[in-house]
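Every chain is named by a letter (A, B, C and D) in the order it is written, and numbering of its residues begins at 1.
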Amino acid sequence: MAWATMPIRTADEYIASLRNRKLKVYLFGEKVEEPVDHPVIRPSINAIADTYRLAEEDPQLASAQSSISGTRTNRFLHVTESVDDVVMQNRMQRRLGQRTGTCFQRCVGMDALNALYSTTFEIDARHGTSYHARLKTLLAGWQRENFVIGGAMTDVKGDRSKAPHEQEDPDMFVHITERRPDGVVIRGAKAHQTGCINSHWLLVMPTMRLSAADKDYAVCAAVPVDHPGITYIYGRQSCDSRALEGGDIDQGNALYGGQEALIVFEDVFVPNDHILMNGETDFAATLVERFTSYHRRSYVCKTGLGDVMIGAAATIADYNGASKASHVRDKLVEMAHLNETIYGAGIAASHESKRTKAGNYQCDDMLANVCKHNVTRFPYEISRLAQDLAGGLMVTLPSDQDFKSEVTGPILQKYLKGRPGVSTDNRRRVLRLIENMTLGRNAVGYLTESMHGAGSPQAQRVQIQRMMDLDGKKALAQKLAGVAPDKPGDKS
Amino acid sequence: MAWATMPIRTADEYIASLRNRKLKVYLFGEKVEEPVDHPVIRPSINAIADTYRLAEEDPQLASAQSSISGTRTNRFLHVTESVDDVVMQNRMQRRLGQRTGTCFQRCVGMDALNALYSTTFEIDARHGTSYHARLKTLLAGWQRENFVIGGAMTDVKGDRSKAPHEQEDPDMFVHITERRPDGVVIRGAKAHQTGCINSHWLLVMPTMRLSAADKDYAVCAAVPVDHPGITYIYGRQSCDSRALEGGDIDQGNALYGGQEALIVFEDVFVPNDHILMNGETDFAATLVERFTSYHRRSYVCKTGLGDVMIGAAATIADYNGASKASHVRDKLVEMAHLNETIYGAGIAASHESKRTKAGNYQCDDMLANVCKHNVTRFPYEISRLAQDLAGGLMVTLPSDQDFKSEVTGPILQKYLKGRPGVSTDNRRRVLRLIENMTLGRNAVGYLTESMHGAGSPQAQRVQIQRMMDLDGKKALAQKLAGVAPDKPGDKS
Amino acid sequence: MAWATMPIRTADEYIASLRNRKLKVYLFGEKVEEPVDHPVIRPSINAIADTYRLAEEDPQLASAQSSISGTRTNRFLHVTESVDDVVMQNRMQRRLGQRTGTCFQRCVGMDALNALYSTTFEIDARHGTSYHARLKTLLAGWQRENFVIGGAMTDVKGDRSKAPHEQEDPDMFVHITERRPDGVVIRGAKAHQTGCINSHWLLVMPTMRLSAADKDYAVCAAVPVDHPGITYIYGRQSCDSRALEGGDIDQGNALYGGQEALIVFEDVFVPNDHILMNGETDFAATLVERFTSYHRRSYVCKTGLGDVMIGAAATIADYNGASKASHVRDKLVEMAHLNETIYGAGIAASHESKRTKAGNYQCDDMLANVCKHNVTRFPYEISRLAQDLAGGLMVTLPSDQDFKSEVTGPILQKYLKGRPGVSTDNRRRVLRLIENMTLGRNAVGYLTESMHGAGSPQAQRVQIQRMMDLDGKKALAQKLAGVAPDKPGDKS
Amino acid sequence: MAWATMPIRTADEYIASLRNRKLKVYLFGEKVEEPVDHPVIRPSINAIADTYRLAEEDPQLASAQSSISGTRTNRFLHVTESVDDVVMQNRMQRRLGQRTGTCFQRCVGMDALNALYSTTFEIDARHGTSYHARLKTLLAGWQRENFVIGGAMTDVKGDRSKAPHEQEDPDMFVHITERRPDGVVIRGAKAHQTGCINSHWLLVMPTMRLSAADKDYAVCAAVPVDHPGITYIYGRQSCDSRALEGGDIDQGNALYGGQEALIVFEDVFVPNDHILMNGETDFAATLVERFTSYHRRSYVCKTGLGDVMIGAAATIADYNGASKASHVRDKLVEMAHLNETIYGAGIAASHESKRTKAGNYQCDDMLANVCKHNVTRFPYEISRLAQDLAGGLMVTLPSDQDFKSEVTGPILQKYLKGRPGVSTDNRRRVLRLIENMTLGRNAVGYLTESMHGAGSPQAQRVQIQRMMDLDGKKALAQKLAGVAPDKPGDKS
């Protein structure tokens, strides 16, 4: 593809690489001419751009030496070669959360690469296929070009009580509609897709455990983002249109934002070299579980956002002249405690990684689920405490236009001052940032995505239940109680 | 005033009464020609209109026979004449919360009337003034006209470490700038004012305990909303501009919304008949505490919003085909339990009301504070659970314009279906309602206002501490432990 | 019965009335000669004695004028004749909790009387029986004698997946084994029976909804506690044997304790006049639900214990010299807030009582369940906070014997001092009280009984689910969202 | 010392090594002749014995190759030589918690050794002392003998508002009363001492930050447990005397228990070779902080107890026939989630260890504090849920003697059966285990010690506040909000 004749070296080059791709992107009922220049979309591009910037500024943190391409590659493109590589992902994620205050969208691809790496190896071992080598070839190229890879997993699912092949409309899950000698044709849609329009390639994957009858749904494929058969319909976020108003205050975080879209594949041809699973339904669950396990631990990124939230709350408490009140300090400590509790479980999951047969490293599943499950709870409490410290002005502050108005501006400057030495503008900037993260655009990422991304809370509970070894724990208790252990078949 | 030659009898007459008042209202940097017709403002007018509609539909619930005017009056204008009158306020508030899903803004005035009723009586008794009679005269008129009365309490406060009279800029608290034989002139601003532009009169009150040096700040006055000396600057809310987009879906709750504004009094003259406190600093705290006590219990209105939230969560779970899952049922029960816990403390505070010297009824202060303190917590958890049940689509759903587009509409209709029999439109309507209440315009009312309205959490804790009778509780414990009771002066 | 020739007027007369009854009570493997004098049992008798004492000291609170006997009667024997009567039960319960720091055991009978009063009335109306008149005759006598009435409901249940009549052993539920012209013979056992050995009469009731096949299990009977066919086996409590050690410190609360026993009915004859239900299976559920509803709200007694716990925590914080630390104050406020939240829902349930067909008053079921459900949570958190404030010494304090020893006593007095002016003995008395309520004898009442008494948490959730009117709430949400309401049959 | 002529190789040899030491141990007001044979004390000896047994059964887990003595040593005696050594401590601790269901008491010494190892190195570097070499010599001997080392830190503290040297009675903190050429004499008492009577040596350490004036209090010394100048007064635990009743059921966990005592040093001479700090007040805080940091993370042992609790709750749910109820499964999952959340933060703290100047490894302080802070909360909630699943019978079950009685035994066997196939005895064994861990002896370890051991909750909050880098977080927020960063001195 023309847009990738040279490796991308900088954030600016990355942004340039996204131009002129003629994507079919729809937003607010209209086709977007150039997503890079659209004020609603641009912040999500800026967020990924920061993953390039960080790799330049702190290469040890955000890049790694890859044995696949033999190059130093962005860590988001790196297949983990040690436990430390898994741990470093978490450190990088927290740092990027701190820098952007939003979802920087690039973890899905990283986690997909790593899950595919071990899964394709095992498919090949059982089925005599050659997906693993294909993946390595693709990876080597992507690493050299320094591309952004998105992972597309969540199907729209239709009637949830039915399997893919039982759906009235077969397109409710992405599936193969035609098998040709040189490749396959796929069709369907992926929902809630984080970071696609700002990616270069998509890794399409199945969304759940499949049975033999779902063979056409067991497809894994690399597809270029600018494939003409793809349509993107942009999801709207709370307060998204503030980006259209001009000004950088009312947006709260004007520079960075997340992105989610519905991706529609309308008979997209995938050549053989880009196919990484084709009908091996017995490995769909494996792939999903490995991806999910990595990805649930990737939610330590939210501790980076939590750091921003705590900092914002501390700043506004200071601006309000309340930073020394014991209840204010205590709330900040509670926010930090909850935030670090998330981090602890996540980084522990990474530290406890084990080597796969393919040679990369897979995190601990129990701790990964525990991390994510806390992410479905604590950011909400951290937000609640931030709103407590912010004060009611956060939601009664007039618009930036009113501050700029000759009539109302001076009145507002007079009456909405905080403690001496703090400008009214700084005060509302920080209030708008807290609004942004608790009610606005980045509340989508900090709260609702924390709830549902990488699986809703109940998905983690099911997984915790599977792994909690209840029989082993019962045996411990029975031994101490002096009870003969359950015999097989005893269990009710 | 011309706009009130006839009593208001219906919701429509109420809306008509608000027209052509030439208020100076500013929003998005511009003067609003007619607030009644402004799409951002109108939903807040509709919410108050429903208080008239309810009084027509269910007079027992939403009106009462007043011994002051001798008429049957809207309950929001009624001074409580029995314990049951206090309890009925709560019932009406929950009902209106259920009907509007938002803050209907009329409680501030009701609670102010009742707090002033007993306070003016006691000021007169001590100081030989005649505020109580004035108030009754005003009330009789307002009841006959069926006006909406707003209560304006929260000053902007400036440097919070200083008393009103110590502020560098004296306008940081509303105060008397001139005393004339026929009245006083006041100046200053009230912040976060709920429901003012859609009221007829404002009751201006001091915002906190005052000392003798703050004499000019101890002012209580009835001021018509359309006084030419008043400027209103509208507070912006999350997602407010969706009301400007047309369409009724993306707003979530297109009909109803809250309203908060900064009210600026620029040398407003108040004639003697409208003055209800003038320098009696010794009663400022009494007035604030009585108002606050009523108002903290008034937050049972949020249980009406909670009912809507639970209903919305149950509906979307049904649309998603998940309503029979045990974890879904369990979450709905938890939401209801939390919601009723709020209600219990609130209605208990009302049931435990005591007669004041003036003859009206004042709710129990401990339980009122406990009610409000739970309101600073449980709606956040109810919202979290609602977002859990809603699923991620709530924040990735494309805009209504995309659904209406000929290009993307059919694609979205195809892919975003729920379970059979549920239309895509109904699904997104309910999702948008949950978004509205957890992230959007009514999240302001359901969450942030629940946090800060009627005093931030710490204010309730201070009040609970005052009333918890720790010495009495220590005596109970000491007696059972067989310890001689603390002697006076023993306390550390 | 000889032991009741004269009405009981005082706490001492009550205690005297319990002597020489030749009950078959077993404890620690032995028959107890005189329960009144047994150091483990006596505190539970003292607790009920205090219900007499309170009636003397504060007759308005703890007694009422009964229209049944025409006498002023102890409130625990009173059938509610007004909403205020229901409310006053709660006030009395909190007061007794404050005075005794334990379960005073007399509520079961009070709630049983009131539930039977309305249920027997309705049985008679449907079945033409005369239970209601019988009950009133019994009540009149009991009120005149001033007896303690226990309510016996919880059957041992055997295999919980089977109905009473399906059990392998029919005795798993109390049932009629023989019907004679002059009465019936019953058999079976009631478990976890609060306050029986210190009662005069037991009201035996069915434990759950019954079907027609369970006819022999639908029995309600008044049985004297000293019936020779009854055996009582005492339940042991945490730290119960400290009462056998002598000394009053290590017990924590030496004077008062709870009591639970297994009551075994071995072919007990009940004459017709004492039968209040005999085969009317259609009313078993009604009786259970009414009793349960009253009884769940009766758990406001635990707020009285909570008052003691808060007082104990405040005292020990003072003794430790920490009472001014902001985190200590904050924890005390949190304890009070949780305690009053329980109280709010309970007293609200009582205030919202409705008149039954029989003329007495039944509390609000939703709020009663919400009250009890909070009781299964908040006392645990209050206890946790009390342990936090107590410090580790609470569980490392040597025994009272070590303090009395000539060798170790002086060492302990030297080293275990608190702040100046606080004796070591007072310090350990308060620590032992907190131990008593969080780990010891009264932890049974404050914690585990709070969890399981009047139904375990899930029972409340089931009841909340039934009453939460989910369809009504869905309609509220659908209306605001602009969705046509569900049609009948729409519900998934 | 005679009792250590040969290395201890087994649990039995360990127990034998404790005999005939003529310790002055007082319990229940009497001198204990032989602690090893005292039924109240023996379970705490058994718990430590299991640390020997585990080292035999799983040497990789519970022993390590020491470069100090050149031997394979019990891990509790090992100075960490790698990050993995720190991590392995946590794994061993969880395993021992699972095996004993109680505090196995040996962590204090392990954490003290490691804290002293780096601290003595740094004292020597600054002050030219030779404590580090002394410590290594002592360690080499202890490792060869395979001794149990206790760490004694917590002084009784007297008036907490005063520094050690300001106390009226200088003995409120252990201190040097005499300095001689060959050593020092110390005096004072250490409170709440976990595992001392079952140790061989004690490491006495200061308890907090000291100033220059506290020079005599800056003492660190190795003292043999059987030094004649030491008196031990045993702390009583909830239900301790059940161990005196005979029978193994009512104790719940008859084999294992914790131990805490007051240790009184009455002019104990310490020869120079056993002195590890002598007046270097500038290192008191360093030592305390390093010890505390290790020790807060050592509380992952409680996840082993949590595993037992979850297993006990699952077993009793099974015995009650309720194990398939969705709410039961959900509660078990919640218990596991909370338990693993503790584990995550703890193991993460170990994984994130850094090398000290002395060459051993020190865990991450923030995560260690976060781990411990969760330990002050979650075990209480896990216990609450266990009590929920246990049912009320846990606290109303008659005594073992009643089950053994010919009269009441058959009645209880008949009536207290659970589901078919479950013996009454097994049922009560498991109920007694849950009682033991939530109200009884091991509730002391699982709950109250979880609250206060290694510092009370507020101590962790203070430490979290210190380390949370609020200024850094504020800078993150300010950058995103577009606010110029605070200048030095800006901070309120």
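Here, a residue touches a chain if its C-beta (ideal position, glycine included) is under 8 Å from a C-beta of that chain, and two chains touch if they have at least 3 such contacts.
Values in this document were obtained by computation on a predicted structure and should not be read as measured data.
Residue numbering shows that chain A and chain D use the same positions for more than half of their mutual interface. Chain A maps onto chain B through a rotation of 180 degrees [Cα fit, steps of 5, range 0 to 180]. Per-chain Cα centroids separate chain B from chain C by 40 Å.
For chain D, residues touching at least two other chains, in rising order: 321, 327, 330, 419, 461. Across the complex, chain B meets chain A through its residues 26-31, 156, 158-161, 168-169, 171-172, 189, 191-192, 231, 233-239, 241-242, 245, 250, 260-262, 264, 320-322, 325, 327, 376-377, 380-381, 383-384, 387-388, 391-399, 401-402, 404-405, 407-408, 411-412, 414-417, 419-420, 435, 439-440, 443-444, 447-449, 451-453, 456-458, 461. Within the complex, the chain C residues that touch chain A are 326-327, 330.
On chain A, the positions that touch chain D within their shared complex are 87, 98-101, 248-249, 252-256, 307-312, 314-315, 318, 321, 323-324, 329-330, 332-333, 336-337, 340-341, 343-349, 351-352, 366-367, 370-371, 373-374, 419, 421, 426, 429-430, 432-433, 461, 464-465, 468, 470, 472-478, 480-484, 490-492.
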